[in-house]
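Following are the structures in question.
Okay, so chain A shows up in both of these, paired with chain B first and chain C after.
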Partner chain A sequence: MSNQNGNTKPKLALYWASSCGGCEISVLAIHEKILDVAAAFDIVFWPCVMDFKVKDVEALADGEIDVCLFNGAIRNDENAEMAHLLRRKSKIMVAYGSCSMEGCIPGLANFTSRDAMMQFIYHNSPSTDNPDGVEPDPDWAFPEGPAPLPKFWNTVKTLDQVVPVEYYLPGCPPEAEWTETLVMAAAAALAGEGELPPPGSVIGNKDTVCDECPRTKNEKKIKRFYRPYEIVPDPDTCLLEQGIFCAGYATRSGCGALCPQVNMGCRGCYGPNEGVDDHGARLITGLASVLDAKTDEEVDAILDTLPDPAGYFYRFGLAHSMLHRTDVAHAPKRDGN
Partner chain B sequence: MQKIMIDPITRLEGHGKITLFLNDEGDLENAYFQIPELRGFEVFSLGRPAEEMPRITQRICGVCPEAHHMAATKALDDLFHVEAPPVAHKVRELFYMAFYVTDHTTHFYALGGPDFVVGPDAPAAERNILGVVAAAGMEAGLAVINCRKRNHHAIKMLGGRAIHPVAGLPGGWSVAVTPEMRDELVRIAEENVEFARFSLQLVDDIVLKNQAYVDLIVGGAYTTPIHYMGLVDANNHVNFYDGKVRVVDPDGVEVVRYAPHEYTQHIAEHVEPFSYLKFPYLKAKGWKGFVGGKESGVYAATPLSRLNAADGMATPLAQEAYEKFYATLGGKPVHHTLACHWARVIEMMYAAERMLELARDPEITNPNVRNIPTETPTEGIGIVEAPRGTLTHHYATDANGILTMVNLIVGTTNNNAPITMSIKQAAQALIKKGEVITDGLLNKIEMAFRSYDPCFSCATHSLPGQMPLEVEVLDASGNVLKRLSQYVD
Partner chain C sequence: MAEERVGVYICHCGHNIAGTVDVEAVAEWAADLPNVEVSRHYEFMCSSLGQELVEEDIKTLGLTRVVVAACSPHMHERTFRGACERAGLNPYLFEMANIREHASWVHAVDKEGATEKAKALVSAAVHRVVHHTPLETMKVPVEPTTMVVGGGIAGIQAALELADAGYKVIMVEREPSIGGHMAQLDKTFPTLDCSACILTPKMFDVGAHPNITMLTYSEVEAVEGYVGNFVVTVRQKARKVITDKCTGCGTCWEKCPIRVVDDVYEAGLGYRKAIYRPFPQAVPKYPVIDVESCTYYKTGKCRACQMFCPTEAIDFDQQDEVVDYKVGNVILATGYEQFDARRIPEYGYGRLANVFTSLEFERMVNATGPTGGKIMLRDGVTEPESVAIIHCVGSRDRRYNQYCSAVCCMYSLKFAHLVKERTGAEVYNFYMDIRTPAKGYEEFYHRLLEEGVRFVRGRVAKVTDAARGPGEEGKLIIQCEDTLIGKQRRIPVDMVVLSAGMEPRHDAEEIGHLFGISCSVDGFFIERHPKLDPMATMTDGIYVAGVCQGPKDIPATVAQGAGAAARVLGVISQGEVALEPIRAEIDEEHCSGCRICNTMCPYSAIDYIEELQVSRVNPALCKGCGTCVAACPSQVITGAHYSYDQVMAQIDGILIDVNRPVTAEAEVAAD
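Presenting the complex of A and B:
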């Protein structure tokens, strides 16, 4: 398709793998600007909204898609097949949102296993009634014919653990202004009116949520942690100083510090700030410096007041982290990033 | 034997897949609905502090995160044995009503509405939100966009974020309403009431005044007498935020009215090897397979179900619409699944009126939105009505509030068996030997499940678009005899 000047418009694809749909809603949250996107690009694939099929993507030449926004983690064979297909067809592959970039909350599944899930959900849950011990069968056939189900992986992977990725857009979900920035910058660069950042870049700010948080910060010396329900925090002072865990000190800014502004600690959905690869490791080291402790015993006593540190430090970044999953012997080899 | 696959229809946090088998005579032999994905929140949440659940479980669904956030928050009140201050309940409900208005709006205009406002047999290219705008006017299109925008603003103001809000805590809510916020919320709610009035009028003018549509709604292809579930208040009026779960039988007679704590006494989940999604049913009736009627445990939880399970609506304009609904469709209960779309607009009116009541409540600006839990946490169950059905969150913890058990029965899951049955019923009515399978057939199969607003459609809210359907007709050797698709230019 051509634009009004007769020039061919660049092609845009959007896809969701294992995701919640929030990234799709975040794309729509650019509201009327979606019309600018539609004017700048030919959208060639967007299963959520448009009816192009996988076979339409297969019919494109390799590299014919200019930009692919890929959200969701990689968790079954179908997710991986789509990642490989879209990678082959796309010049620029963007890991859009926390799931594809770092595994997000569903990546916490890497602390457990597929078998544990099957056991609880189909056998042990208090509402399950399954006297015959039935489980979903990937090779299922009805009396009338076969109807297989996709195989479910034991480990959640990020997009760049499966295919190479050019850019990352952080957030669960990304705030609309950054989606707009990314897409319009790509459109400008493809029209020869600007330059794209170097491959591997994260599209966003470089500093931390603390840097954009309006709460007053003093010297942090924490004697103990409080769980969010245990105290009503002072509305103007840094939450971490008040002993409420907030991941803002090691989390990339760009969201506008939304959670601290409604008295809730940041959980790190924007991933680590620029230059940091392992969010969890950075959260741990950063926290050590603010504890009001002189001895190891005092450190332990303070950390005992923060339950489930792994679940806080790796809330969004487990699948991407060096830890990757609890049984490291089975962790796959990492490639890229 | 011929096999017809409809894959993908689109997502339910993954894909939904319909498989139809035809016998050698060309009649329908059987129809199946499969959900091919599992995510396992019940298991990877274990070991986490319970108070994180409102922020964890909403990642089940980014389209209706508010519902999971709210069910989790209520489960925490119960788990920590703490009662939230009255104003906190009001702020939560106010937030939840803004969510309901926007969610029902997008489904009605972008997904369900086109079949009626534009027409079930209209050209496929027009059966979308743009077609709705063409039929109902540009005013309608702008009203839809503005409705979404102002309610997302209200959700962000009250919940911290427009997608994946964060304000729920055991014993309260982290945000208090200031007088400035109140003024803005009153204005938003007033506009919502006007918008709901406009939407009800649209149903009247475009659907009810067209006998062909009325005949379609009450026709046999989409009529399935089953049990109906919905949350009700003390007066048995529809409630989205709190109350008891009431179930009526296909004659409209109450069979159970249970408190959240009693859910496992009344609901059980059947497992089938062909789907990752379980099939809830009423324990008192037992699992009898994919059949309707009084003796079957199959129930639905939809806007239509909620109206059927209740005795009325708690606000005046919604009650007026409720009465008209049953007067028009021949009394209670209504078994026509396509009437779900109309029921959704009646609920939109209730949510808008309730939002306005709450925003105008003199207590809404009381800053005391928190009670601090002091008891030892044990076990908690929270139930809300999600737009797509009754949502149950059940947690148990150790004495330190660390999760040891999580069980979730999610909105669309309730409707797994009814959706399967509706698809089969529509396919049986439409696929006859010797008849050509057409685009119209595809849309009518779509209509069978679209009325449920299942979660695999909720992600298509708000932009022009339709459920992508592709049907392949295969012979017994797996050769493609015919391939049809719709909404493809």
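Presenting the complex of A and C:
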């Protein structure tokens, strides 16, 4: 496994598509272990941290990168182009973090359309000052020549909806121990000293956050929901029972139940547990099962205390859910992908 | 899974399916579905030849899965499971596609659409069946005691059949006495037998039968368990009378100073006391205190009954008793309520004094009734010279109930006969159609025609006391179109009898819910099959008898009561029942113990195991309803035969584009 530099270390690439940058930082959350990573791998592409160009990647042979940690969702032509390029150059493609795995916050754009979003951002938002009504023009050209912008997609996609993916590392962002587990396992396997998990595996636990959460769980009947500032929850009892929305009951464990342990309901960033396709559907069905209501009116009254249910249930998983844009009459036509 | 060999069989069901669905095209198309080894169509799959076709293919072609596209699984799932079993295939490796009720019958005018839908349904079944797993039924012993809910003639008949066969029966009756509506009647059509004379011996038998425990003035509060092993919680309301001491002598109600209108037994036409026995032949003979009316419960004074009771049987402090009974089967015979004639204001009941309901009239003509059997106007002295009987009150009327109440024609004819016999008054029957379908009924109608009873065909528009001429003054005038002569008529009469129809009990829905059975749109309990299984219900171990299942007369009620008993005896004599293996199971290794499912189970079959922090399903209690399967947020509860894979495969299958060749199916991915 040598390249033109005579370097025999396996090659590692890291890239961010549509994401906040937290995943990039999370890689550094492995602290001094990053030195082990640097020792084990030859980092060939990490634009956030080091000065690499796309042409550096293009210059590599297909499959020359051993492991690519790809974070961020795919929502424009550039994201997709990089996903395809890195896929072609990499042996192991890892959907790193919630955005690339499930769509995460960028995926919430799928509740609306590109046009409606552009309209809001460039024209209607209270803070917008755009007297000339300028919008990004993908085909923009200066007198000196064309300067195309990446075309914005109507639908945000996950990495595996665009290219095949070997492994998934959940979390917003992933917890450092799992990043370390994956990277060091890959290094060991590439050195012939271990085996990688079967392709398609999610690197994490299989069960839900409840499994790791030390709070006492009782039979549940919820009469109303509270936002965290509205009550001081009992520190030892299940938050959901106390009316604080906690997605832990349907969310993959592996984080150590960090949020519930500090009186915050689980947000659900680790996505669904093993074997579940649609995180939001399971959050809804589970929650609907414990509402203390007999009539439609009572159900409505309880749900009125849960602001933005779509955001609660699909905060992380919308792009990857079964809720595709099936309402053809109302969904804008897609192009650009 | 990939190596499964599926046999697909499309049934013509004569013209029922083949008349609408192109069965040959469906069979031909289905042959290309994944894993399909053979795809055939046949005239009657349920016939022995059809079943043998399946058995033969299993043996010779080595089929590992079978799909029959025919009628509802309610009808023939068992049939084809049996065929699979005979050929050595686990019966749960079979799947039925309902292309009759779900395709040919509902899309009779759209042959092409019905054929496409049939293909989609077959595809769903084929996709699903490869995910099936072999399941084994679980045998559980049957508790031989039966509960009969309702002490009318249906319940009485059922209870006596079972008790005479040597099995214990627990009869629960809401009122203080058994007997039901039949005990209120004077004569029964068409033979004019005295109702009490034929009923009271049976009531007595129930009361005296060593195998029957009679719980009157009692109601079912809760039901748990499943066929063969129900636990029914019964609240026995406090009679305030110690039955061990009471002799039924009657001193108490003679001395009681409070007179109350008797809305139940006397249909509001007569009175009873605050402590009362509903009627002289009541079984049991013990009275009850109506605490709503009794002075003692209002003021703490009176105690007349207690003071005069020779056996000190009155106990004002007696409390309700709630007792659990273990029974193997339940027969619901909860009867009916009469349509409230006040709901038709134009007929004037409750406003015009001399408009009576049929039940009031039954009490009036009864020798033990409030008038001693004399037919009199509301004033209690005047005998009518003319009587109008209006049929179909609240029945066959879109405003109220669309159905025919089945008994009103005949009892109206009976009323006409009794009026003629006892008063010589002129009698008019206002009818839409005379329906006399059973044995001896049409003959009775002819007898009435000969007795000079008048019949006017048409629905009465209104009953009024607003006279338009001298002949109408002081009379009730029936305004009606006589459709046989095509003219409006106004007929003045002294008395009007409204032949009100039968309605489900006001709480039939709740009772159904308690026992896990449903009501039709009319509100009557739904039987398992309207023709072939009218006594059983969709819930194993719960049977229905009498009018609670639908309007019917006494002979039909008795037949159904006996029939339900026969069905129960069949279960008891087997000694054990096979429970469907369709149950929920929790993967304990992956259960996180969130306890969301714990409160969901309608059968209390889920326990939380504290030490392991997991939930567990008790397979004997689980009925496979799937509630917890849907609720489980981590999807670790699986419903056997309704697993996630099976259901999702079925959905994938039904969403197939039936107009493409099957081979193109894989291309349907683009979004």
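In this section, the second predicted complex is superposed on the first by the 296 of 337 C-alpha atoms of A that agree within 3 Å, B and C clash if a C-alpha of one lies under 4 Å from a C-alpha of the other, contacts with A are read in each partner's own complex, and residues count from 1 in each chain.
Keep in mind that, in the parts below, contacts are C-beta pairs under 8 Å (C-beta built on N, C-alpha and C of every residue); 3 or more make two chains touch, one makes a residue touch a chain.
Computed from a predicted structure; not experimentally measured.
Participant: What's your read, chain B or chain C touching more residues of chain A?
Facilitator: B
Participant: Is A:Ile34 touching the first partner chain B, the second partner chain C, both, or neither of them?
Facilitator: So A:Ile34 only meets chain B here.
Participant: When the two structures are overlaid on chain A, which partner does A:Ala147 contact: first (chain B), second (chain C), both, or neither?
Facilitator: first
Participant: May I ask you to decide whether A:Thr305 touches chain B, chain C, both, or neither, giving the answer as first, second, both or neither?
Facilitator: Neither partner.
Participant: In the superposed arrangement, does A:Lys206 touch chain B (first), chain C (second), both or neither?
Facilitator: second
Participant: Using the superposition on chain A described above, determine whether A:Tyr122 touches chain B (first), chain C (second), both, or neither.
Facilitator: A:Tyr122: touches chain B, not chain C.
Participant: Of the partners chain B and chain C, which touch A:Ala250 in the superposed model: first, second, both, neither?
Facilitator: second
Participant: Could you list which residues of chain A make contact with chain B in one structure and with chain C in the other?
Facilitator: none
Participant: Can you list the chain A residues touching chain B in their complex?
Facilitator: So the residues of chain A in touch with chain B come to 16, 18-26, 28-29, 31-32, 34, 47-53, 76, 78, 104-106, 108-109, 111-112, 114, 116-118, 120-122, 125-130, 134-137, 140, 142-145, 147, 149-150, 152, 172-173, 227-232, 258-259, 261-264, 267, 269, 307-308, 311.
Participant: For the complex, give me every residue of chain A touching chain C.
Facilitator: 206-211, 217-221, 238, 248-250, 253, 272-276, 282-283, 285-286, 288-290, 324-325
Participant: In the complex formed with chain A, which residues of chain C make contact?
Facilitator: Of all residues in chain C, those touching chain A are 590-600, 608, 613, 627, 630-636, 644, 671.
Participant: For chain B, which residues are in contact with chain A within the complex?
Facilitator: 1, 3, 8, 10-11, 13-15, 17, 19, 21, 29-30, 32, 34, 36-49, 51-52, 55-56, 59-63, 65, 76, 80, 145, 149, 152, 156, 159-164, 166-167, 169-171, 174-175, 263-264, 267-276, 278, 280, 283, 287, 370, 372-373, 394, 400-402, 405, 407, 409, 458-466, 468, 470, 485-488
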